[in-house]
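There are two complexes below, and they share subunit A, which is joined by subunit B in the first and by subunit C in the second.
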Partner chain A sequence: MIRLEKRPQPSQAWTLATPVLAVGATMIAGGILFAVLGADPLVAIRTIFWDPLFNPQFAGFTRPQLLVKAAPLILIAIGLSIGFRAGVWNIGAEGQYIMGAVCGAAAGLALYPSESVLVFPLMILAGALGGWAWAMIPAVLKVRFGTNEILVSLMLVYVAENVLASVSSGLLRNPEGRGFPGSRNFRNWEAAHNAELIPGTGMHWGVVAAFIAVILAYVLMARHIQGFNIRLTGEAPRAARFAGVSPARIVLVCLGTAGLLAGLAGLFEVTGPAGQISIDFNSGYGFTAIIVAFLGRLHPVGILLAGLLMALTYIGGELAQLMLGLPGASIQLFQGMLLFFLLAMDVFTNYRLRLGRAEVA
Partner chain B sequence: MLRRTLLTTAALSMAFAPAAFAQDDPVKAGFIYVGPVGDGGWTYEHDQARQAVEGHFGDKVETIYQESVPEGADAERAITQMALSGADIIFTTSFGYMEPTIAVAEKFPDVKFEHATGYKTADNVSTYSARFYEGRAIQGHIAGKMTETNKVGYIASFPIPEVIRGINSAYIHAKKANPDVEFNVVWAYTWFDPAKEADAARALIENGNDVILQHTDSTAPQAAAQEAGNVITFGQASDMEEYAPKPRVSSIIDNWAPYYIDRVQAVIDGTWESQQVWHGIDEGMVEIGQITDAVPEDVKAEALDLKDRIASGDYHPFTGPINRQDGSVWLAEGETADDETLLGMDFYVEGLTGEIPN
Partner chain C sequence: MMDLSSISPILLIASIMVSATPILLAAIGEMVVEKSGVLNLGVEGMMITGAVVGFALAVNTGSAVTGFAAAACASAALALVFGVLTQVTLSNQVATGLGLTLAGLGLSALIGKPYEGMKSPTLPKLDIPVLGDLPVLGRMLFAHDAMVYLSLLLVLAVWAFLKFTRAGLILRAVGESHHSAHALGYKVVVVRLCAIVFGGACAGLGGAYLSLVRVPQWTEGMTAGAGWIALAIVVFASWRAGRVLIGAYLFGGVTVLQLNLQAAGAGVPVALLSASPYVVTIIVLVVISARGVHGAPASLGRPFHASR
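So, the complex of A and B:
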């Protein structure tokens, strides 16, 4: 007889082991899936996990692309993880990401074609503020009226998507774009272009910001009293209240930080890799970042690794589609498995397997 | 700053040097799709054409594709990877790939690029599109004749010239067939989202529209119309014949195969040159799917006659007098629209209600 027994404390070892095990299990289940689809499973797994890093034909391009793809995921996930630690469930990072991009781009485009060095910093500021303000809506509603931040932040994603569609075919539309939606291309405007800092490395300001965010989040959560308050609020809300931590303040800080970072991610993306505001500018980073945050165990360093891993499966998945003719949906399934196995494995963090009968107390 | 650009170019050309050697014997044709190959509409037809290329050339050509590529930052990577994998010609089959296509083409001067429905070209970038508005004219005529409530619903995707042209063309011809007709346009802001499209169709049907035109790619509106009963629809991009004879009474079929075969042949022959192509019913890029028996004989005959006149060039779907929505004159009596205006069309014609969202 096998049964699960709750551990008195979550197991430290399992917390660290589960992501690795989940990746392993995903590889096995994914391999079976690819085999059923008629591809060699070993080749498929190698294409996804190895080729983006070491294939001589692609790696020169895909290695820097890992940073480009991972940076927004990490930046957003860091913000989310702080809230998740405190039990503040911001599901709407996608909306904050969009609004950051829209506000930042709007601030820049208002100054077009200025070549002032202040344009880009101003855009960064506007982008951060845009994301922050969008996150403040669920925050204030929660603090003031007790609304559920999960629902409000999620619904605001759809509002943001419509704002994006509207500005890309209206307010921010490129006047030289023959009536097609989409803003000016920031790559053609030096002052506002988030170019690679060192050519060929993928390193742009968003990547730098992501690394800084990882370090600051680490310091905050491990060393700072505010980080302690955040963790306390999540783990023992009553104790936190007795200790004089204001729950309202925690909500505002957590959502505000997440919105700010998501907004920054959006701004760096729109001025760099994406190049322009367009109707389809957002591509789900805000949602994928939720997976990254949990895959990284809500720990800054874990998130850094998880973001890179996620980017690897994206780019490797694209290569697998391209080289092996695997359907796009199978790649998404493969990525979904990763979260599925992680959550499944997490059972062992909180429970242990027991063989034999339950002892009678 | 110029120096940085130069350095970038140098670094890239070094990084991409192996790609040049990767071009081996069979010509490799790559396709970037915006939807899944099984969407039953736009992407499905592009993929049919890809298979036609394979069938036509056999071993001489290898094709690769990537489906469901988002139109944002991911597109540039997908196209670059395709070029790195040794593709000689790459078809990017959605408007949103325009900027990424141009950007990648700069880095791979030896690879040919074909971008669908855009307007930016380069030495190694061609554009191609179909005059779907010709097919819309025929749909509009049938819609005007067949509506009993005089209300025609239109599921539009994005407010871009191609979509606006379609609405205008359908409306002008519906109005000619039935002066009382009224168009209700819903903007779905998607090319492919069955749930959203079905919702839009149901809402339009509930509001009394008994003809549904769609400029989105899934068959969901067809299913919604079938469910509702007395509603007719038209297949979009693909024939969608599984919904014939009713609700689907006809369709616009995009036939890319001849063009793709032609362009791949040009790469093989070494005669490929950058061009801008806009083909219609005449060249076979736009096909009108069979008009079913649900359409009365006389209406069917008129529709086919209209098709013949468009194909032969006797008739242009945008022939004056046509005013803009605000009442100002666009085309005088007998005047036909020039391609330049059509390609950038951002206004409704007179009689359409509502506004183009912006």
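So, the complex of A and C:
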């Protein structure tokens, strides 16, 4: 008879080991999945995890993509992780990401065709504000009325998607685009283009912002009293209340930060890799970032690594689609499985397995 | 110019019943799950899996009934994964539910790819003698397919089960205080697993109703938040079966009305109309929470570990 015994403290070793084991287990399960789909599992795993980085033929093209795809994931996941630590479940990052992109792009396009150096900083500001404002809706409703932030933030994703559809074929449509939906292309407008900073690396301003966010989040969570309050609220809400931590303030700060970072991610995406506001510029990063946050153990450094790994599965997935004809959706399932395995293995972090019958006291 | 006369009240009510059915099925299942003290945020993932599996099986076997049965089984299996993770390996319910939704969306897109644009057999409208021949009410209420009535029966059955049966009482006890229920000798984990599997089967039926009757076609991501709205309806209903019915039909009403307004060319932006079901859900949630959420099971979302 196997039974579980709660550890007094979560195991440090298992906290670090579970993500690695989960990735391993997902590779095995993914291999079976790919075999069912008619691909050689070993080739498929190699195409996804090895070729984008080291294949001499196309690694030169795919390697820079790693930073491009990881940056928004890391930015969003950092914001989400702060909230998750406090028990604030913002799962509408996708909506905040869209609204950041829409607001930032709108602010920029209002100034078209100015070549002032201030255009891009202004867009960044507007993008961050847009994401922040969208996240403030569930935050204020939660604080004022106690409305469930999970459901509200998620509903707002669908509202944001409708806003995006509306502006990309209306308000922000390229007047010179012959009536096609989609805004002006920011790549053709230097003042607003989030260009590659070092050619051939994929490094753009969003990547810089992601690294800064990782460092700031680390300082906040490990060294700052607010970070301590956030962790305390998540782990012992009553104790936090007695210590004078205002739960309302934690909600506002957590959702606000997450919205701000998601908004930034959206702005950097739309002015750089995506290039323009269009109905489907968002690639579901807001949802994948949830997996990134958990895989990174809600820790900034972990999220950095998890973001890079998840970016790799995106790139490798595209490669596998191209080379082996694996359906794109199989990567989505692969990412979902990863979260499942991680959550399942977390039992070892918090519990000890004991063999044998319980003794009667 | 808007032409409201093109909206016929008889057809309107009839289509509200059809459009409310998938959400009603998912919501009544989720209510039972939450009554047992478990918060499963994976309804969306289970619904879309039900939608694709039901559609695929119906196309391949030529029978919509087989499709529904397969959908219920597939989503129940998915729910069981959630159940084992949260009840046996004690993972976080919110995170696992989200994972279920993400995995379900991926799985459904993968299975559904070959079925895009296909036609499937659908459920026939029932021919109810006498009632179906009533002048106005006949076409409004008594000319639907079997699933519409099954969903209504299910609400009635859940209500009676929770209110009058011993098993229902145990389920509620587990949801209110799992430690007390455990001390009384009830198997908390088993009861919860049963509730979770039931909830999954219901969500699967709801999803299959979307792809086999309501739309009826398979498109990627076709549930479009219906599972999340079902979750919101459970909160709206204060965990009562009768109010789940009201909530689902209200929501169905909003959906049908906005579609009708779009078709009638109302002078309202299309984006606003398409977003209205979600906005209405938010407003309803706010109104409910402003009055204070009542009736939530006391152990909702809390992990249970029988320590000694």
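Everything below uses one rule, namely that the second predicted complex is superposed on the first by the 361 of 361 C-alpha atoms of A that agree within 3 Å, B and C clash if a C-alpha of one lies under 4 Å from a C-alpha of the other, contacts with A are read in each partner's own complex, and residues count from 1 in each chain.
Assume a residue touches a chain if its C-beta (ideal position, glycine included) is under 8 Å from a C-beta of that chain, and two chains touch if they have at least 3 such contacts.
This one's a predicted model, so the numbers in the text were calculated from it and none came from an experiment.
Aligning the two structures on subunit A places subunit B and subunit C in clashing positions. By the touch criterion defined above, A:14 lies against neither subunit B nor subunit C after alignment on the C-alpha atoms of chain A. Looking at the shared chain after the overlay, A:268 reaches neither subunit B nor subunit C. Of the two partner chains placed by superposition, only subunit C is touched by A:330; subunit B is not.
Once chain A of one complex is fitted onto chain A of the other, the partner contacts of A:283 are limited to subunit B, with no touch recorded for subunit C. After overlaying the two complexes on the shared chain, residue contacts for A:62 are found with subunit B alone; subunit C is out of touch. Of the two partner chains, subunit C is the only one touched by A:156; subunit B is not.
Legend: residue contacts after superposition of the two complexes on their common chain; A:165 is shown touching both subunit B and subunit C. Once the two structures sit on top of each other via chain A, subunit B runs into subunit C at 112-120, and not at any other stretch of 112-120, 130-138 or 184-192.
In the superposition on chain A, the residues of subunit A touched by subunit B in one structure and by subunit C in the other are 162, 165-166, 327-329.
Interface residues of subunit B, counted against subunit A in their complex, comprise 1, 4, 7-8, 10-12, 15-16, 18-19, 22, 30, 36-37, 64-68, 70-74, 76-78, 80-82, 84-86, 95-96, 99, 103, 119, 158-161, 189, 343-346, 357-358. Taken together, the subunit A residues at the contact with subunit B in this complex read 56-58, 60-62, 65, 68-69, 161-162, 165-166, 169-171, 173, 178-182, 185, 187, 190, 195-196, 199-200, 269, 273-276, 278-284, 315, 318-319, 321-323, 325, 327-329. Listing the residues of subunit C that touch subunit A in their complex gives 41, 81, 85, 89-92, 94-96, 98-100, 102-107, 109-110, 113, 220, 224-225, 228-229, 231-232, 235, 269-272, 274-275, 278-279, 281-282, 285-286, 289-290, 292-293, 305, 307-308.
Across the complex, subunit A meets subunit C through its residues 4, 6, 89, 91, 141, 145-148, 150-152, 154-159, 162-163, 165-166, 287-288, 290-291, 294, 327-337, 339-340, 343-344, 346-347, 350-351, 358, 361.
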